[in-house]
Amino acid sequence: MIRFSSDYTEGAHPQILQALIDTNMAQTGGYGEDSFCDEAKALILKALGAEPLAGTEQLSGPELASAISSAASPQHPAVHFLVGGTQTNLTVIAACLRPHQGVLCAPTGHINVHETGAVEACGHKVLALPGIQESSLPYRQYGKITAAQVEEAVLSHQANGAFEHIVQPGMVYISHPTEYGTLYTKEEMTALSAVCRKYGLPLFVDGARLSYGLAAHKHDPAYDLTLRDLVELADVFYIGGTKVGLLFGEAVVIMNPAIARDFRYLMKQKGGMLAKGRLLGVQFGASFQPAEDDPGLTLYESMGRHAVSLAQKMKAGFRSAGFPLFIDSPTNQQFIILPDEVLPKLAEDFAFEPFDRFDDTHQIIRFCTSWATPEENVDALIQAICKLSGK
Amino acid sequence: MIRFSSDYTEGAHPQILQALIDTNMAQTGGYGEDSFCDEAKALILKALGAEPLAGTEQLSGPELASAISSAASPQHPAVHFLVGGTQTNLTVIAACLRPHQGVLCAPTGHINVHETGAVEACGHKVLALPGIQESSLPYRQYGKITAAQVEEAVLSHQANGAFEHIVQPGMVYISHPTEYGTLYTKEEMTALSAVCRKYGLPLFVDGARLSYGLAAHKHDPAYDLTLRDLVELADVFYIGGTKVGLLFGEAVVIMNPAIARDFRYLMKQKGGMLAKGRLLGVQFGASFQPAEDDPGLTLYESMGRHAVSLAQKMKAGFRSAGFPLFIDSPTNQQFIILPDEVLPKLAEDFAFEPFDRFDDTHQIIRFCTSWATPEENVDALIQAICKLSGK
Amino acid sequence: MIRFSSDYTEGAHPQILQALIDTNMAQTGGYGEDSFCDEAKALILKALGAEPLAGTEQLSGPELASAISSAASPQHPAVHFLVGGTQTNLTVIAACLRPHQGVLCAPTGHINVHETGAVEACGHKVLALPGIQESSLPYRQYGKITAAQVEEAVLSHQANGAFEHIVQPGMVYISHPTEYGTLYTKEEMTALSAVCRKYGLPLFVDGARLSYGLAAHKHDPAYDLTLRDLVELADVFYIGGTKVGLLFGEAVVIMNPAIARDFRYLMKQKGGMLAKGRLLGVQFGASFQPAEDDPGLTLYESMGRHAVSLAQKMKAGFRSAGFPLFIDSPTNQQFIILPDEVLPKLAEDFAFEPFDRFDDTHQIIRFCTSWATPEENVDALIQAICKLSGK
Amino acid sequence: MIRFSSDYTEGAHPQILQALIDTNMAQTGGYGEDSFCDEAKALILKALGAEPLAGTEQLSGPELASAISSAASPQHPAVHFLVGGTQTNLTVIAACLRPHQGVLCAPTGHINVHETGAVEACGHKVLALPGIQESSLPYRQYGKITAAQVEEAVLSHQANGAFEHIVQPGMVYISHPTEYGTLYTKEEMTALSAVCRKYGLPLFVDGARLSYGLAAHKHDPAYDLTLRDLVELADVFYIGGTKVGLLFGEAVVIMNPAIARDFRYLMKQKGGMLAKGRLLGVQFGASFQPAEDDPGLTLYESMGRHAVSLAQKMKAGFRSAGFPLFIDSPTNQQFIILPDEVLPKLAEDFAFEPFDRFDDTHQIIRFCTSWATPEENVDALIQAICKLSGK
């Protein structure tokens, strides 16, 4: 059985696992206050084109926390490590909103449909932006929201005579890549950011698969959004590790001081502060070291490129075999329209994820590659589908 | 620097780390639905003297969840794996209570003082049982609550003319060992359990350091509470892994079907369902295998015994050196009364945790051993304190 | 200025106000435990064809609460008085759900769009049933949901491979009348009730305008749902007072013992337990006395009939004047399609509520009558619109 | 039966009831946006020595809300009307805190012991200030907290090495009068206010019985705190109506713009925005008109003085009859130590509230007067106790 069902079917990238092995018996303090975390944060800041806050070396405890919070900015983001995506989403959102505010997002947003109401359990309504049927859009817009939609939501809230009876839009949540594997361009993200700033809405970018989004550029220069752009344009985003080669872990990057304030309290309260926090530092540290097999890239970049290259190869294979794409996805998730009758046969050797029904006789199937996918697995899949299609 | 500051200063026990290495590139499904988790649950059930539910092999999805929930019992507990302690506490408590109910616990209970209001953030008041000053008790009672206290709390709630204006006691939370390293005897736990059942209050035992509690029996037969007793007496408890040799992880064991019902929904909502859930299965599986250096014990038991033996040796060392014990602790946490003036000197080579001030010139210091503590570290500490005391 | 903008533009019906005046200086206990409340509950139970629980006369405090809770049923509903609608909705919903559950309702449901996220603030997602555009339905279905929609939502939840990652449908909320003034027939409500019972979902009926719904029968026998039917078919509903002649107040009727359990604790916690609870008893007591001008009806029925008769007259007037109806509403809310250009003129003398835009040149306008509307006000409106239409 | 069991045993003061009668059939908009509310706010601001915000006459909707919020200050407080005390407390506290923060208060604070965990249900821990046994204090300090206690709580939080694991003090809640009927002096309140401002903690004063506190000055000039002082010293307080002559209602006065911001959204979400909001305007308007029988005072002041005068007479009566005072209370609540054996006899004709047990043979009994208490009721009580005491 070869699994393309998700990008978290294996453990950790060998370079990352090795770092865990190497540091296993080192003694450190807990809860992310250790030198491994400090080093990982420094590497991440470097990759972001940012710097640690000068003059904080002598601080600790509340003074340090306060200094970092009050000075968080695109030049000096605060970086925190959490364990998983749902936890990160709910913690960041709880840090951003007052009780009467909700979070604007796409109807297909992960927080709206796949987190068992985690945001609502923190007291906030998820405000799925209305009105656009995916099928009426060009596929590049699937799963995305636009600056115009956000502006319309805010204006229509303010224009409503009963505005105080309606949840107030308080922030914007997007994923990059989205649930459809689509990506925002720099222009689109700039427009979103501008409208968010115009109306005082923090912009939060869920980067669970960020590395796979950044790698798309190599295959299509239209996908031009960089890590440094996110630092400039978002208020807070995260660099996903769980789906990109770590055992687990998400690195939250906060530019907005109002969100950075007391963020570790919220991490603790929401169950996201790992006792052996150094495990996150060790892993993210390894992830932002040069890749062993391509030292010009960080391992994080390299893992993304590996997955996306194989995904593009897979996509080409499906195309050649005559199976239409639901989306011409630039990232590691591929969405293929397959006839119902081939699925049982394909399922004998491969695991994949039914995404949605396409029509009476076809389903949309999601195939994921990841940092861990061997090329021969993709080749085996292509061979199998060619055989099934008779091409 | 040698650290006795906590029992989570290292990574994982080598046997557990090896299991992670060995399984690293295996592909599995996510969220704890994989064969590693299944095997770990079977091993844990065996250690509990319980069995998986027969007839569920053919079930999956909602049918399986429903079968397990509705049949949870001391014979067939449900087992779930979560990442950390705060997360586990808040998830279990949220699963037990209706909105107007609170959780009875000791004033020093972890949920009351060290989890940033995680329980309140789920909407529930922590009802610290009033009235008993630790210093008026025999040390064996420190950090514990009694059946009589619980009964009094319930009766006094019901007797209050304004009972509906007061949070209703809805469950009982205890730790075993407690924050003071003390332990419940089987007799005490039986009495607590009886009063809980009398008044319909689920009894929840936080076993973050459970292995260290179970190991005390070897040194003092008065500490006679076993894992199987917990299965009979509690409604839900957890087997702590984070502090006992795992990178992270807590195994929740649920006997009460009302709590077991839909528990995985709550795990997901509260951010405690790990995407690569198999990491928890692999680690707990390894932990409930025979210990390599003492195959008559599970590794989990063996790790506890190691830590407790060294803690007893350390305690004897402090005693010999003339430093009084705050508590004659039977577990891996030792609480010693040390004069202020020796602390800076001791801190040059050792990390430890200031627990509380004892008097104007003395502090209570906590020293933890763990599964990872080498005997030479304890010897070095004893040597250092002998030198400091001049004995 | 004559106001048709809502059904809460005046104070209380004179008969109700008189009861408040008559009892003003009587001394009673607080929080709804007084003889006025007892009498009002007895009158309501009589109107419901139900009876107080025998054998509870000697009970008080927790014993009484427990007896009522455990015996709540269609024969012996529990009745509680709260102050307002939002408060009642959030309290009932909090009483019904576990943390991972949400409440199914129409997209236009009051809890979904007009209560500032009150349900989410209690931790629960509002699950707006997808997919039906009002404009594709016969107007009688506007604002309503069907048994088939509920069943589909439950089955599709259970069938989803990631069901535990999705909020579980935990109850059903409907309004009768709906936000569009439409009504469920007995057949429709029976079907809804059956599907709710099949899947263990409590059915909650928001009766903020219940009297206006019950009165529709007089004008069209198709609207055949009675108060007694609600007792049989719903798990919990409320008899709205704020919009039907009381200064304020909603009477919650609970047939399901799981919801009745400890309901007063939730009322207190959520701020819905009035200190001078007797004001609610006095007002509901007066409301369920015979109407002075039609002693064969309760005042509550009589007020509903008055409003609905005038609304039907108003509707006929709009029709005669050539203004089309958006809905042929059987209750006290009328929805008329008016050209933009007549609105400023009409607004000089009348207050009304813009409900929605109909097309580029027309709006849907809501006009409400109530227990307080004098017939001459309706006549004046009809005269004005005839003048505007030139008919 | 004569009731001294609380100060909410009757309906409304006749002057207030008359205002409700006089305005009953006037038509207004809902939710507190009507001319009665506007007038009442103007009267209250005048009584506070403050003024409405100039230049807002032309604003409405979000613009008006925003202008008021951003300019709230001691010169221009925002005033809002809610229905009851628990609701007001939870709404104000939710408006003040971020998720990881708690509210400091006395252990006997109403929010800590008598509101069924309403604050926790909003996600926040109530941080009862530790350590002072009432019986070790002079009675004038009962139920109060000091600036020193607040400072110590903040400093000890910040000094704790695990500060992020502990709920952060985020605001201070006090009652004036307290649950014991005691009062803060201006000096004490000034000190509290100063420490709150030093540490950025909003100071919230629960004035459910404020009128009875302000009236104490007439009997003892030591009680020198005025309404205008509260405007200067608190961030938010409320003027209690439920216990002072209204059917219901609390007027929240907000000086701090961060709390004022979007306050009406929170009122709506928490169920505290009355549909017929004008009822609150009418009642508070009447309450801040000159008293008919003493036009030099507002009715609100006059009602407070009436109750306190009678309470002082009652206190003198108990003293003369030889029954010791538990507290020499300056307000309308009197706490008397009575022997168990006299209680059944006294209960034949009088209702009162057992407050606490004093010793094996005595109870502390609370007797309340109110705006509604006739002097002959107090005389009857004094006669009865003289008879019981044989004096």
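Order of writing sets the labels: A, B, C and D. Residues in every chain begin at 1.
Here is the rule we go by: contacts are C-beta pairs under 8 Å (C-beta built on N, C-alpha and C of every residue); 3 or more make two chains touch, one makes a residue touch a chain.
Worth saying up front: this structure is predicted, and the values here are computed from it rather than measured.
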| item | value |
| --- | --- |
| A-C or C-D, whichever has more C-beta pairs in contact | C-D |
| Same vs different contact residues, chain A with chain D, by half of numbers used | same |
| Chain of greatest Cα-centre distance to chain C | B |
| Where chain C and chain D are represented by their mean Cα positions, the distance between them in whole Å | 34 |
| Gap in Å, rounded to a whole number, between the CA centres of chain D and chain A | 49 |
| Distance from chain C to chain A - Cα centre to Cα centre, in angstrom | 44 |
| Overlap residues in chain A, where contacts from two or more other chains coincide | 99-100, 115-117, 121-123, 161, 164-165, 265-266, 268-269, 273 |
| Touch list for chain C against partner chain B, complex | 31, 61-62, 65, 94-95, 98-100, 122-123, 158, 161, 163-165, 168, 262, 264-269, 273 |
| Chain D residues within the chain B interface of the complex | 99-100, 102, 113-117, 120-126, 161-162, 164-168, 354 |
| Sites on chain A touched by chain B in the complex | 1-3, 5-6, 8-12, 14, 17, 20-21, 23-30, 83-87, 90-91, 115-118, 121-122, 242-243, 247-248, 265-266, 268-276, 279, 351, 372 |
